Amino acid sequence: MEAIIALAAANLLSPNVLFFALGFAAAMARSDLSIPEAVAKGMSIYLLMAIGFKGGAGVAENGLTFQLGLALVAGAALSAAIPLIAFFLLRAISKLSVTDAAAVAAHYGSISIVTFVAMTSMLDTAGVEFEGFMVAVAAIMEAPAILTALFLVSGAKSGGAAQSRGKMDPELMREVMLNSSIVLLIGAFAIGWITGTEGLAKIEAFIVSPFQGVLCLFLLDMGLIAGRGMRDSRKYLAPPVILFGVMMPLIGAVLGLAVGNLIGLSVGGVAILMTLCASASYIAVPAAMRVALPEANPSIYLTLSLGVTFPFNLTVGISLYLALSQLVGG
Amino acid sequence: MQTYPAKRIEIIIEAPLLHRLTRVLDQADVPGYTVLPVRAGSGRSGPWTREGQVTKAGGMNAVVLVCAADRASGILDAAYEVVAPHIGLVSITDCEVVRPERFE
Amino acid sequence: MQTYPAKRIEIIIEAPLLHRLTRVLDQADVPGYTVLPVRAGSGRSGPWTREGQVTKAGGMNAVVLVCAADRASGILDAAYEVVAPHIGLVSITDCEVVRPERFE
Amino acid sequence: MQTYPAKRIEIIIEAPLLHRLTRVLDQADVPGYTVLPVRAGSGRSGPWTREGQVTKAGGMNAVVLVCAADRASGILDAAYEVVAPHIGLVSITDCEVVRPERFE
Amino acid sequence: MEAIIALAAANLLSPNVLFFALGFAAAMARSDLSIPEAVAKGMSIYLLMAIGFKGGAGVAENGLTFQLGLALVAGAALSAAIPLIAFFLLRAISKLSVTDAAAVAAHYGSISIVTFVAMTSMLDTAGVEFEGFMVAVAAIMEAPAILTALFLVSGAKSGGAAQSRGKMDPELMREVMLNSSIVLLIGAFAIGWITGTEGLAKIEAFIVSPFQGVLCLFLLDMGLIAGRGMRDSRKYLAPPVILFGVMMPLIGAVLGLAVGNLIGLSVGGVAILMTLCASASYIAVPAAMRVALPEANPSIYLTLSLGVTFPFNLTVGISLYLALSQLVGG
Amino acid sequence: MEAIIALAAANLLSPNVLFFALGFAAAMARSDLSIPEAVAKGMSIYLLMAIGFKGGAGVAENGLTFQLGLALVAGAALSAAIPLIAFFLLRAISKLSVTDAAAVAAHYGSISIVTFVAMTSMLDTAGVEFEGFMVAVAAIMEAPAILTALFLVSGAKSGGAAQSRGKMDPELMREVMLNSSIVLLIGAFAIGWITGTEGLAKIEAFIVSPFQGVLCLFLLDMGLIAGRGMRDSRKYLAPPVILFGVMMPLIGAVLGLAVGNLIGLSVGGVAILMTLCASASYIAVPAAMRVALPEANPSIYLTLSLGVTFPFNLTVGISLYLALSQLVGG
């Protein structure tokens, strides 16, 4: 318990969390501080490229085990299953419509790559090793949740005079699969794997050294967006929905803990899988929902994912997940 | 300079739908269109801004399309089918152009 | 497709005033508005460009607002009060829309 | 609020020509103009997008110019001479303005 | 004297000044070289974050002295007082209207953060230490000058049938106080202070190592803007106004020298306070003036601040200020 | 021969080429991955600044020889001459109009700075030295080809009732000469030269250490643009034109090999001159062609330069050129 508190305290006072808090506070206070969209996208590309590459270089060094395959399957299954839990939980405790509940559920099955990065940054600080291939698991978990959500909606609708909405057309399937973050993560992972430590040595000064600092600046931006969302759209979130935004990460994390230990991941790997399960998407899934479920209200799912779950994971969640993983696996 | 009447259609549409709209416009064989970035806005679903965004879910684009008057209705129908179920806006204005044959 | 007459108001206003304008528009309960970035321009006070700028003092934004014809005058009054003492421009165009009830 | 008729000229022109166009507009002593960025488009020469571009050869800009009705034709002639041999588009719309003397 | 000249010569041939000159020359020659607005804003955010954080980490290391309080009070007072001098000087030597003179005066009471950074970069090269908290002084000096300027205008107007312009409404007050540069400087300063040298170690490779290079690129952009301003708007600056743009920094610097020594700052700290007093704002104040004093001509205050005073300080001023501070305090 | 193959294989599996391939594949597969325009421009400015500065600092260290003058003259002559060969080759093997052929020819006389950078990056990896002033040669080769192309068009037209198009007006001349890449390359080169190794030490952590990584990200973007071009505009390229896009670099490289050895460049310097001759412009020349030869179809020259010749040089060309230079000069 003490260890958990120490870990949590260290995390709360890390530059990562403090820069996020600065952004959040600035947005709440209506400061005009803002990061240009192009710079935010550039940083996001940088982070994806860097973690993809480092993950691949890690695999090149340590060799690929049977576990990668297992972990990929487990990740895909978790991403597909979690929305079911999320959906029925939401329907039980809140008054969200079927469509809104399904759209929210999709976000929680998918992942937030910045939360992933925050966890790896915490693992690095704590000196805990983890499998390089977890970045590929992250990539594979982006999409399956979307299918589950659309299935939930079409199931619910088939009873009545359903509209043709909520169907996964092939075009959307392609868009989701070739989503920029998946392509970049998997692509950089493959390049890191092919070029190995030699390749890493070449571009280390770009993708490794300044990484922590870029992450701080990116989290400042995340804080600004989350704060702006909470300021403008808190009214769309009824208390049970907010409660869901804190409960669901915990449920996801427990699932990740169980599955991660089952397939024999390291303590760090389990902590990452927990984080992936606990985190909610804010890039790939919202865009897909706008196309496939336009009636679902974006103010609900974006505000919940960015304004509630992301801050919760960043400030409290990841310390907790690491502590739990160490407790169970250490 | 001699000018000829035409129609200017302006569509504001959410970013994730842009490609679907332009595909439909291409299929309708429109004479051309231009996409302008949109920075922020407000409507029934509240205010939004593009600043700092990494998600394109919340962004919008403006599509401007000039066409011959007799083609406007058909193009409007095609565009409206994409826009209708989504966040967006269509307006049409009378305008004048110099080379009318380009907008058939 | 059946369309109905409406008004398109276009306001070009300097960046530091944008928030004041949108606040006034929100208070006037307009049906919505869209803000487009402006890259450069020229007027009585000479040319300017946004390139490389870190100050927002010199930048401009374009605000486009579609509304029912009978609301245009009131909205114009409200907007004009913000724009008048500053660098900026207001123009109104007749247009057609598909769902007139959205622009009341 | 009392408004007065004017003309709104909208020119879409390829980026490498923008400075030549604005120079001609300056020489024609226009009351002002505003340049908006363009993100993507499609026309007779196919689709293009600005994303990731480092070359300005393929980009476009939109130039909006409001002027008094009696000045529109002269300005149009001047602008058209620059635009004609190039990729681009000119359209004119009737509009209303508040202070007509500013657009002479 | 020789030392001053050596310092000035070294500064004139530093990459900082040369990149500024390159930008200035390119703009004057109408080259199409330009930095995208988003990149310029990104660099500006980077510089503010970096100097704020480093300042805070410095305070964490050296402890906070009574002097910080003194320096903050002195900075605020100088920022409020300098516009008075500037205003009466302008009214005496030039034909600027009350409003234009007040608007210009506000710029000179406030500060230019890039000039501040150029001075710290010179101090680092020269191996002169300075107080980390000077960055907080910089932040506090941004705003008071605006109040003085508005007071000057309302005072002048109260005689006649004054418009209601030139009043500080609460909205503007909030905007000025929560201005992005103030929020970022103070926020990063606080984070640097909280996380201390440990935090600094984490993100050093981002905010310290590449700092000088980013500054060069940023100064290239400043040169482009300044050159473009001079090219297009020189006609708005009558000779007495240009003269003011060179005299006022010297007056400000002398005030800073006196006050800095009075409150017992180190030689480096005094040089920085002189630089703050001597420099003129080009971000926070122009935006506030557009709101509060729309009749004032931005071509005058922006061109004077960016096209005359900034280059003067960068090329000649900062060497002079350091030399003077060493002469008096060394 | 074996050495060539080893070199080519190493190059094909370098992060540079792999990131380019990733971008190319993503664009072909219609992924929505894209780099914001502002970020792409920012990286391009960074690369120009960095190589200019490093080249200048190299000259400051090694002293300037008589060869610089020779190399500049040779570069200008090659840039002016190569379009003649390209034009007549195109007219012989393809059905391109005079105007289209001249426009394409201009691109091949001019240079691609990223191909230049890829070659220097390969030389660094292989430990082959080269003359710092080659960056000035690159700058001088940007423009002359444009003059030749316009001369070709006006020559061809003078027979008939020629339009007044295809003339180099003084305005365009100024634009081409003060083109942003020329100004930045030459400016940074001069600053590197003036401030020398001391200046380099100051900003090394910005312009040297992360350079390789930024280049990878930039090549990802180049791959996206090239892939998008090939996807949308392949139809504009008849097979003989595509053939030209692969033959012409080889012809240019052989010319560069001959001239480089004639004027006594080092093995690395010759490899760079070959690369400059072999590469085709995609920034300065297309913009100039839009102004001076608006009837020429940009889909042809842009797609050929970016979609055919750039990938060919990056993947196969540069290894070949280095190998040839080593064979002849080593």
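Chains here go by letter, A, B, C, D, E and F, matching the order in which they are written, and residues are numbered from 1 within each.
Rule of thumb we're sticking to: a residue touches a chain if its C-beta (ideal position, glycine included) is under 8 Å from a C-beta of that chain, and two chains touch if they have at least 3 such contacts.
From a predicted model like this one, the values you see are computed outputs, not experimental measurements.
Under the contact definition, chain C and chain F share the contacting chains D, E.
Touch-path distance (fewest steps) from chain E to chain F is 1. Between chain C and chain D, the least number of touching-chain steps is 1. Between chain B and chain D, the centres computed from C-alpha atoms are 18 Å apart. Averaged C-alpha coordinates give centres for chain D and chain F that are 34 Å from one another.
Mean C-alpha positions place chain A and chain C at a centre distance of 38 Å.
Among the residues of chain C, those in touch with two or more other chains are 36-37, 47, 93-94. Across the assembly, chain E contributes 34-39, 41-42, 209-210 as residues in contact with two or more other chains.
Chain pairs that touch one another are A-B, A-E, A-F, B-C, B-D, C-D, C-E, D-F, E-F. Here chain B touches chain A in the complex through residues 14-17, 20, 45-47, 49-58, 85-87, going by the rule given at the top. Within the complex formed with chain C, the residues of chain E that make contact are 34-37, 40-41, 44, 165, 171, 221, 224-225, 228, 232-233, 282-283, 286-291, 294-295, 297-299, 302.
On the chain C side of its complex with chain B, the touching residues are 1, 3, 6, 8, 22, 25-26, 31-37, 61, 64, 66, 93-98, 102. Considering their complex, residues 10, 12, 36-44, 47, 60, 62, 73, 76-77, 80, 89-94 of chain C touch chain D.
Within the complex, the chain F residues that touch chain A are 13-15, 18-19, 22, 25-26, 29-39, 42, 125, 209-214, 216-217, 220.
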